[in-house]
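Quick one: this structure, given as structure tokens, is what I'll be asking you about.
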Amino acid sequence: MTDAAPPRPDETYSYLGPAGTFTEAALKQVPEAAGKHWRSVNNVGEAFADVTSGRSIAAMIAIENSVDGGVSATQDALATVPGLRIAGEYLVPVNFVLVARPGTALDEVHVVNAHPVAYAQSRRWLEANLPDHGHIPATSNVQAAASLFESSNADAAVAPPGIVDHLDVEVLAEQIGDNPNAVTRFVLVTRKRAIPPRTGADKTSLIVELPDDEPGSLLAMLEQFSTRGVNLSLLESRPIGDELGRYRFVVDLDGHVEDERVADALLGLRRSSPNVIFLGSYPRADRREVEYHSKYDDEIFIEARDWLRGILSGEPEGD
Amino acid sequence: MTDAAPPRPDETYSYLGPAGTFTEAALKQVPEAAGKHWRSVNNVGEAFADVTSGRSIAAMIAIENSVDGGVSATQDALATVPGLRIAGEYLVPVNFVLVARPGTALDEVHVVNAHPVAYAQSRRWLEANLPDHGHIPATSNVQAAASLFESSNADAAVAPPGIVDHLDVEVLAEQIGDNPNAVTRFVLVTRKRAIPPRTGADKTSLIVELPDDEPGSLLAMLEQFSTRGVNLSLLESRPIGDELGRYRFVVDLDGHVEDERVADALLGLRRSSPNVIFLGSYPRADRREVEYHSKYDDEIFIEARDWLRGILSGEPEGD
Amino acid sequence: MTDAAPPRPDETYSYLGPAGTFTEAALKQVPEAAGKHWRSVNNVGEAFADVTSGRSIAAMIAIENSVDGGVSATQDALATVPGLRIAGEYLVPVNFVLVARPGTALDEVHVVNAHPVAYAQSRRWLEANLPDHGHIPATSNVQAAASLFESSNADAAVAPPGIVDHLDVEVLAEQIGDNPNAVTRFVLVTRKRAIPPRTGADKTSLIVELPDDEPGSLLAMLEQFSTRGVNLSLLESRPIGDELGRYRFVVDLDGHVEDERVADALLGLRRSSPNVIFLGSYPRADRREVEYHSKYDDEIFIEARDWLRGILSGEPEGD
Amino acid sequence: MTDAAPPRPDETYSYLGPAGTFTEAALKQVPEAAGKHWRSVNNVGEAFADVTSGRSIAAMIAIENSVDGGVSATQDALATVPGLRIAGEYLVPVNFVLVARPGTALDEVHVVNAHPVAYAQSRRWLEANLPDHGHIPATSNVQAAASLFESSNADAAVAPPGIVDHLDVEVLAEQIGDNPNAVTRFVLVTRKRAIPPRTGADKTSLIVELPDDEPGSLLAMLEQFSTRGVNLSLLESRPIGDELGRYRFVVDLDGHVEDERVADALLGLRRSSPNVIFLGSYPRADRREVEYHSKYDDEIFIEARDWLRGILSGEPEGD
């Protein structure tokens, strides 16, 4: 890639920057992004605008954190920006270091700059080791560290381990995240296009609104899945935003839309919901094969359709 | 019809006879049977054998009584004799008279001949008016009265009101049935053939076996209907017969197999059941239009399929 | 027992006679009935009247047959005669012999006398071996054989094997029942009294009506059981009798009313049903211990009540 | 209240400060807090520590926003800090103004300081009117405005309308929130204590964990409510935090723990969940009476218990 000519859109990937963020680490896991132009953006809206306007071929964004839960801004944007598809998911282990300008000692730290999510995930360590610290929030994990070199009152910053490759900081403490197994799930978002073929280890993402006036409508929605043996790996409610008490649901399910049981569940969902957004079927990050009872095998669905077709055509059903 | 040539099978209707039974009254409701040969048979097995062997084009049999419940012999035969279809249902009001040989007074009656079902339905009257009577069972309501003229110990018989047209009996009491609204439902059974077109006031009959080893399988079966807004008008369990505790279910549902919601419920049923027998879709005897929530309209099902097809083909779904 | 004085009611057991029936065989299984007066009655109504009037301490009646299903007369009587309790159940293997007057050969048999249930269970043998036979129904299995010595047209009778101890008949064929494993379940019915203590291998019998106007009410009823891990061993619908389409349900469940999970299911049932009749908790005939998930153990229910009581009393719940 | 003596704990209310926040506006709605000491704290953890340590009698915190959804930090703290109770809820309409140092014109604004939630809720206005702006996050809405007078690069701040009473700022634009009906729900949190009496317009808050290894466990949880006619006004999932895919649920339901149907649902929940935290029953902010079907009335539950008690005691149940 050279800076001489503007990068071609079909060779550009947007991500929440700047360089050094966990989002960049996620993008590094995408083989087809290697050697392409990586465009750093400031927020999810900008990332999705790049995709829908054609400025980028895809955008990498965080969608869920094992400690902090769903990323609301991403979930809400996926629900409201039309024309998007999730093409893949990527997991990045999340841990943090406490960094400072060279020469700073830990007992000299009074004010800590940290992105709110990073701060929340390191709170236990900070409260134990810096009980009197103050907190200044940053817009990104990298920006938290960068602020140490700007007009900021912060003495230290919570940052990703890779920060030492980008900035001249000194690590005061490692592994300060409360949960050593914390992981963030990222998704690569594209414009609508052909669905990647099923691999047997797939995930399907949906956004579902429920009918207003029907008690038990969430129960009914869940039955659409359970009666087809479809397991949910994520179910989060998000306010639709017009008034308290109205929600949409963010759903991840095990399986691919080309799996008969998933397709049939989608049909049931579509019939009973005022709005279903299909966000994509894509390989699971962990490549773990989807398990389900053999009574929901594709053949069972196909055989039942053949049987019904026989009845409707007036032919004997073979007994 | 003449006796000169044997009746043509396609002009023969079998029914549980003899002439004068309620079954004959049901057959009189079938316009296309008028003027054809009516063959009186002794039991359900014989009636169905006539149909499957081609000796008759159809057989009329009782399937349910409002007082006595499902007719087990009919239900079991429909479950085990292959190749049958229900082509229509007919309702016959059921009431009874007490008859005797001319000249008999009510206080001379000590022994009553009656078909067990008729006896059960008249028991209250008999116990009140003839507290010390004995009971001799008959094979049919007509035979009960006929026995009065054979070597029988009976002094009176419980019989259909129309018996006076066939036999020289005297009516000792009218309307002796315990329930003045009692009604029996009959079905006209044919060999498998094209399904009658839907009328909007249809019924569909099924026999369903449940998987053995799964608790909650009846619940799951009922959900196949409820999640598609399909109402059941009949659900009866019948032992499969091999051991205590194993059942099949006789199901009547509101709607026609060509209704999308019914077809989809049948698919779900077929997938989850080791054995589903489709017995037919046919107009309801009472011609009452089937009511269901508009969210289960045909268009809803068709639209959902179009939506899914769009997703699978990789085309935008129009948002 | 002597005939000099009338038998004391508390020493009398009623049963569907006459001597030699399967019902008598069931009564022989009751240790406390040994040596007492056994009163043969003609029908279920008479048996229950003996109990409610105090003429007998208990009555033995058939309630379910593995081939023919529930005994409607018994089920309906239990639903409508108040003040009854089931005190125990008893299983009797059911098979049949074909008997005739001494000297009769099988090929001389043209008309067979048989109780309708026995006839239904032997039909396959009869149709194969006596294809042209006629059928005369009897009021009991013993009466069928007895009729051979009365003014009857029957040449042979279907009867229980023990008939040879009571009548001078010759056995033309053995084991003519279609199902060699056929078994009939009998119950010993008493007036309401203290419930027998639980044994861990118990059954509870109920009759439940469903609210009229609510679709899905059967589903809701079944959920009352499934959400407490209570398994049903019998579920039969019986028409209430006032019009087509209105049913009550005969329910047998695994467990004792003193089991917490059963008691809680009964509460849920009572709340949602216009009418629940508790017919009794009693040891299972097969003495097989009831299996259920440990999450429905008594302690779980007791602990939850303690927890709620703590909340309601304003005390900390111990966390 | 004077500053001479330290404020008595039972006269102290903690809230997310500083003065001027929406949280302070919520606290103003609490009659018994009038004239007491109001202690401004920096975060939810501090607020709850005040309550559990006895430094304050109660703390006011935001729990849900109609646009942004549940406040994760509050939900997670309620799930993990033991000994807390919600004593009441309060609604505060949420809107924003854009403020600047006096003399600043709108077209001079390049960088905006705003709390992330306020920023998210004003994004549409900001993107339309200040398309090239940068964003600096603040720890509170008031702090955003205060930063204008500190060493900050911000030219303007998003702040609550009441800010003009506290700071010498100029309003550049009013009503810049995207949703004019936006409202935030606050709860007053105390230590465990007696539950406020029921008013008929109550809400109950719970946190529920689901058993790990059981598919359909969310469905089963929802059925605990639906089978007792208990409506949910809030259901949010929050990661338990130890690994992706493990959730607890934040539940608000219509009714009071002293309502029989609610108490019974809690029992069912406790039995089926590894962990249920009762957070309190308290009057609804909108005072709207809870509606439910009369079949879930208290009397229905009481009558069923009496019925069962009669059965268990061996007494006739009055039929």
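Residue numbering begins at 1 within each chain, and the chains themselves are lettered A, B, C and D in the order written.
The criterion applied here is as follows: contacts are C-beta pairs under 8 Å (C-beta built on N, C-alpha and C of every residue); 3 or more make two chains touch, one makes a residue touch a chain.
For reference, the UniProt names are A, B, C, D = Prephenate dehydratase.
This structure is a prediction, so every number in the text was calculated from the model and none was measured.
Peer 1: Among all the other chains, which ones are in touch with both subunit A and subunit B?
Peer 2: none
Peer 1: Counting only Cα atoms for the centres, state how far subunit A is from subunit C in Å.
Peer 2: 60
Peer 1: Any idea how many Å lie between the Cα centroids of subunit A and subunit D?
Peer 2: 26
Peer 1: Spell out, as numbers or ranges, the residues of subunit C touching 2 or more other chains.
Peer 2: Residues 223 of subunit C touch two or more partner chains.
Peer 1: May I ask you to sort the chain touch graph into line, ring, star, complete or other?
Peer 2: Shape of the chain contacts: a ring, since each chain touches exactly two and the loop closes.
Peer 1: Please name which positions on subunit A make contact with subunit B in the complex.
Peer 2: Residue list for subunit A touching subunit B: 82-83, 192-195, 220, 223-224, 227, 257-258, 263, 266-268, 270-272, 276-278, 295-296, 300-301, 303-305, 307-308, 311-312, 314, 316-317, 319.
Peer 1: Of all residues in subunit D, which touch subunit A in the complex?
Peer 2: 42, 45, 64-69, 72-73, 91, 116, 120, 123, 127, 135-139, 151, 153, 179, 181, 183, 185, 215-216, 218-219, 222-223, 226, 231-239, 241-245, 247
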